[in-house]
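The two complexes that follow have subunit A in common; it is paired with subunit B in the first and with subunit C in the second.
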Partner chain A sequence: MLKIFQDFLKSLWPEFYRHRTNVHLNSFYTFTNYRYLWFISISVLAATALAPICIATLIYYQLIETSVDSDLNHRTKQLTVAAKSAVTFFMEERLNALTFTVNENGYEQLTDNTRLAEILKNLKLGFGGVTDLSVLDADGNQVAYAGPFNLEGKNYKNQSWFEQSLKQINYISEVFTGYRDVPHIIITVRSVKPDGSSFILRATLDTERLMQTLSSYKTGDYADIFLVNHEGKLQTPSIHYGAIFTPTNLIFPAGSDESEVIEIFLNGKSIISGHSSISRDLTSTPFTLMVLKEKAGMLKFWQDMSFKFNWIMGASVVVILIVITFASTFMVNKLYRADKAKAETMMQMEQSQQLASIGQLAAGVAHEINNPLAVINQTAGYMKDLFSFKDQERDDDEIVEYIDSILDAVDRCGTITRQLLGFVRQFDVKIKKVNLQKLISQVLSFHKKEAEYRRIHVTVSIPDSFPELETDSSKFQQVLVNLINNAFQAVEEGNCLDIIASQLSPNTIELVIHDTGCGIPEENLKKIHEPFFSTKKNGSGTGLGLSITYGLVKKLGGRISVQSTEGVGTSFTIHLPVKINEGRNA
Partner chain B sequence: MQHTDILIIDDEIKFADMLAKRIELRGRSNAVCYDGKSALEWVKSHAHGITLILLDLRLPDLYGTEVLVGIKEINPAIPVIILTGHGTEKDRLECERLGAYRFIHKPPKIDELMSIFEHIRERSEC
Partner chain C sequence: MKILLVDDEQKFINMLAKRLALRGIEADTAYTGEEALKKAESAVYDVAVLDIKMPGISGPQLKRKLFTLHPNLNFIFVTGHGAVEKSEEDGSEKDIYLSKPLDIDFLIETVQELIQAR
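Entry: the complex of A and B
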């Protein structure tokens, strides 16, 4: 269990991050920059996973904002309408009561102070908010008075409200302080005396009652409900604008009965403002009802929710990123390990193929060396025979001849071993100048006897102007050994093997190895450079020769192609740069 | 027609000559052919005067097996020892199938060759 956990942790550790290996092994990796791969993987996965979340969040916020705005407007409007009804009802109720009083009692009774005081008492009981009552004649003289102030005998002829009262059947004044220095509203009802002249019943309304009515509609700390007159002067105190009678810029045309909601900015705050004129059927009032709601306050619930939502989103994004990072690390690690194993196998394969090439060479060398050894054996044996059968002299010419023969044969063996050593040593050397003619004749020298016995006509055609190649000689050598070995295996007795080199451009050469051997069937032609593909029976071939050759030519910065017709022959064509680009093929 | 004890067929001239001299020293007549075709000619003309043939597998003109088949066609009774520098197990089986008497790797031991020869001669005389 612990081991599984350890393995799991190990698979999440970015092992590839410190990917360093030798240059030779590196060339077998499919991917070189694992950090980049990792980065790309994380970026693509993160973009794919997070983009929908971000878009959904944006859409969500936009929808919330729109719906909250419309909800706020709607609620403000509802509140405006409700408060307006209440204020209108407040006014109408009192006005109707006054009208009823006038109609019921008539001028005579109303001018009776005792009766008037009784009516005032009833009005206070029934409706409240009525401070005093008075009856005025058409000249503005106060004829009767009931109330707490001693205002009897006063003349109101020059007061603007009196002029208005005479013109209309009933009238509602703005809030003003008048003689008493207390804010109040005057409502009047005009009627006719028995003699035909007009008289006015006036009631003073306490604004306290009105303000209470307005206050009852305040919901929460962020609402502000108050009245202004048509000049914008406050008629009741406002949270935002201050005390009563403060002038404001809230000026709305009179007469519109509709409630309207707009958004305004006040002291840097966004405020939803609803307003409506207070009007009645018969007469309009000077009041406009204002409902102000601070948007921020109203939005508080939504903001709290958004805050929670953001937290959840942020946490989700972090979790997603962690999961993506781990998943990417896991995948890239897997890929890296597979690639590493592949690269190591490929390198081993190349090495074993190189050994196989050398093995093939060694077989050729053994063949070459065996004949002179047989000669030495027989000559030495004969010399021994001479002594034992003939008892011949030491300085006999024949003996000298045989010794020379032995020496000659030993020389032949020496030449062959030197060739092999020189050839095999080149496998170690990296980039150096290569004389193609020399290299080809070295490779062919190991096939000399075979060519002779099997009567294979080998021709090598290299123009005099052919340049010296500057390339990885060991790889190039292996390519030649592989292809020439292959050709020798493909040809029958009496066939031809042509090696033709030419220079295509200042930095490109072409080498064609053509044989008139058995050829490769078309169905195999596509597979010959696949690893482990072999047509040799009994496992005598590894199936790696051509696959490795393809890889080697690629590493030398060249390309290789094959044309073959079954029964006619095969041509391997290699294009190579004259000078290898080290950086690319290190 | 003169009788030939041993016919050597090998393209490695010095080897063949030296072997011939050593056989001669041991009192046995012999002849040497350096290629397959001339060897077959020689066998044809001496079809019944050869005790033993030593044959190399690699010859410049014909395969050793071809020469072996040729010899067996001329006179299947002549024993043929295959003398090869690098014959494989497969070659050995093939040669035995074609009727080779022995399959010996180069370099051969002269005494072994001579004892085989003596054995054949004694048997043919019986």
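Entry: the complex of A and C
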């Protein structure tokens, strides 16, 4: 249980986040900044995963907005046209009925009050909305009247509607209160008496019926349908503008038969407004039909949908981010562990290669020591013989000579062991001053006999002005051991090995190790610095020598290059700083 | 019984030759392969004791050259390397390797075994 909890904590606070830089291991890591890698991984994955979602969402909203807009406009226009037809029909129906009444009955019958009352009754039955009827002569005198108000004998000569009625065959007035204090509309039909003078049949329409017609087109809570006159005064009550006769800024040029839909802002609300003037073929009316629809209300359905959509999108984004974060953490952690294992293996490899090169030296050293030991053995043995074989003459000078040769041989052994110790001791020394001449002759001393036996001409050329290097001596020494060992393995009897050092600039030296050995085939030249590449048969080489040399030179702040021609020879060229940059090395 | 000692380590074979002489074995010394070949031309040896690593002609090379001169000659190799390596060019007979430092009694024993085996 505790372990699961610890694992969970580890996955939250992954290993690479707790990475401690280790001076020895650092150079073996492939990636140095795992936190940065982790950050990049999450950002790139998140960007690629979320970008399509964001774009899709934007497009979705764009599409919704335009489609909702055009849908709203379309619907408002339809409603405007429908309501306009209804109002027009309402007016026309009554006007036609009135025209019919005038033509059918004539002046005589119309001025008969009983007949007029009968006609009013029939009109009310047939069409509804007609309050009263009256007949006026050309001077504005009310000749006959039928209806609920006692208006007989009134003169309308000075009323504006009367002047208009005389000018036109048909006339439809605005909504007004007139003598009776009730909003109404007057419609008139002009006709001719038998004596040739004009008379007018007037009907009063109550606005109640008109308002009913309009409200039958109100669909939903957000629609507002009403009429305004050409001065913008309300002719029916409006939800947005208030009671009847309230002046508004809704002034439209008369006579346009077309319906128009625009978007306006009213009291901070976005409103789709359709308007169309109510007109007839013969007479124009003073009305303009207004249809107002609140956009917000119409959008409610879409907003509800968007809300759900946003929730789904938000949830997906959160899920994607969580998955990406966990996946990235997991992957980077795996990578980190693999890299760490690699770095540790590489370090062990380097150490074991270092030991292997010491081992190689040891074999040479044993040989070097065994020769003087053999001399000591035989000389001491002979001296013993001199005493054992009694008949032998013993000359003191001779014995001293033998003792001297034993001491000589002991000296030789001592020199070799001192060299080896001095050499091995360097493996644990960090940065210090290095005399290249001394170091090279130390390394070469282990090959002295081999060079003699195989008649290999070794030349070392180091100018007198060559500076003392300040570098990691153990690493540099290993580079030299590896390269010189390699050269000795590559050369045949009688070949040459040249070691040439020169100073390129105040802070750079060049060291060329050139041999006239077998050379490296071109196809292998690229691979020689790769780990485990070896041309030695039967696993006699690890294939690590040059790859480690390559890594060591890099750690010393230098670079190594190789030129080789098969059968002619090989040159390894090393460029090194005179003073190693300690910060870089660490 | 006559032995040819070949090694570039002069003091070593000089002493060895003196000690062998004390034990009644005649031994000639040669410091290089060339010198050994010259001596082999004028004398007949039973056994040649060769150092493997020598400047110029190496031990195994010298063995081949001496073998063509004296097919009946026996060879003993002496090496400073502790480990005894098998020579790749040994014929039907197995070569005998002794490591330095050399014990003189063991050398004489080996030489006598070789001669008796013949």
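Just so we're on the same page, the second predicted complex is superposed on the first by the 540 of 586 C-alpha atoms of A that agree within 3 Å, B and C clash if a C-alpha of one lies under 4 Å from a C-alpha of the other, contacts with A are read in each partner's own complex, and residues count from 1 in each chain.
One rule holds for everything that comes next: a contact is a pair of C-beta atoms (placed from the backbone, for glycine too) under 8 Å apart; a residue touches a chain by one contact, two chains touch by 3 or more.
Keep in mind that what you see is a predicted model, and the values were worked out from it rather than measured.
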item	value
Which superposed partner A:T471 touches (first subunit B, second subunit C, both, neither)	neither
First (subunit B), second (subunit C), both or neither touched by A:F389	both
Contacts of A:Q353 with subunit B and subunit C, given as first, second, both or neither	neither
Touched partner set for A:Q378, first subunit B, second subunit C, both or neither	both
Set intersection of subunit A contacts, subunit C complex versus subunit B complex	366-367, 370-371, 373-375, 377-379, 381-382, 385, 389, 405, 409, 449, 452-453, 455
Parts of subunit C lying in touch with subunit A, wherever the complex brings them together	9, 11-12, 15-16, 18-19, 22, 53-56, 58, 80-82, 99-104
Of all residues in subunit A, those that touch subunit C in their complex	363, 366-368, 370-371, 373-379, 381-382, 385, 389, 392, 402, 405, 409, 449, 452-453, 455
Subunit B-touching residues of subunit A, taken from the complex the two chains share	366-367, 370-371, 373-375, 377-379, 381-382, 385-386, 389-390, 405, 409, 449, 452-453, 455
Partner subunit A, residues of subunit B touching it in the complex	12, 14-15, 18-19, 21-22, 25-26, 58-61, 85-86, 106-107, 110
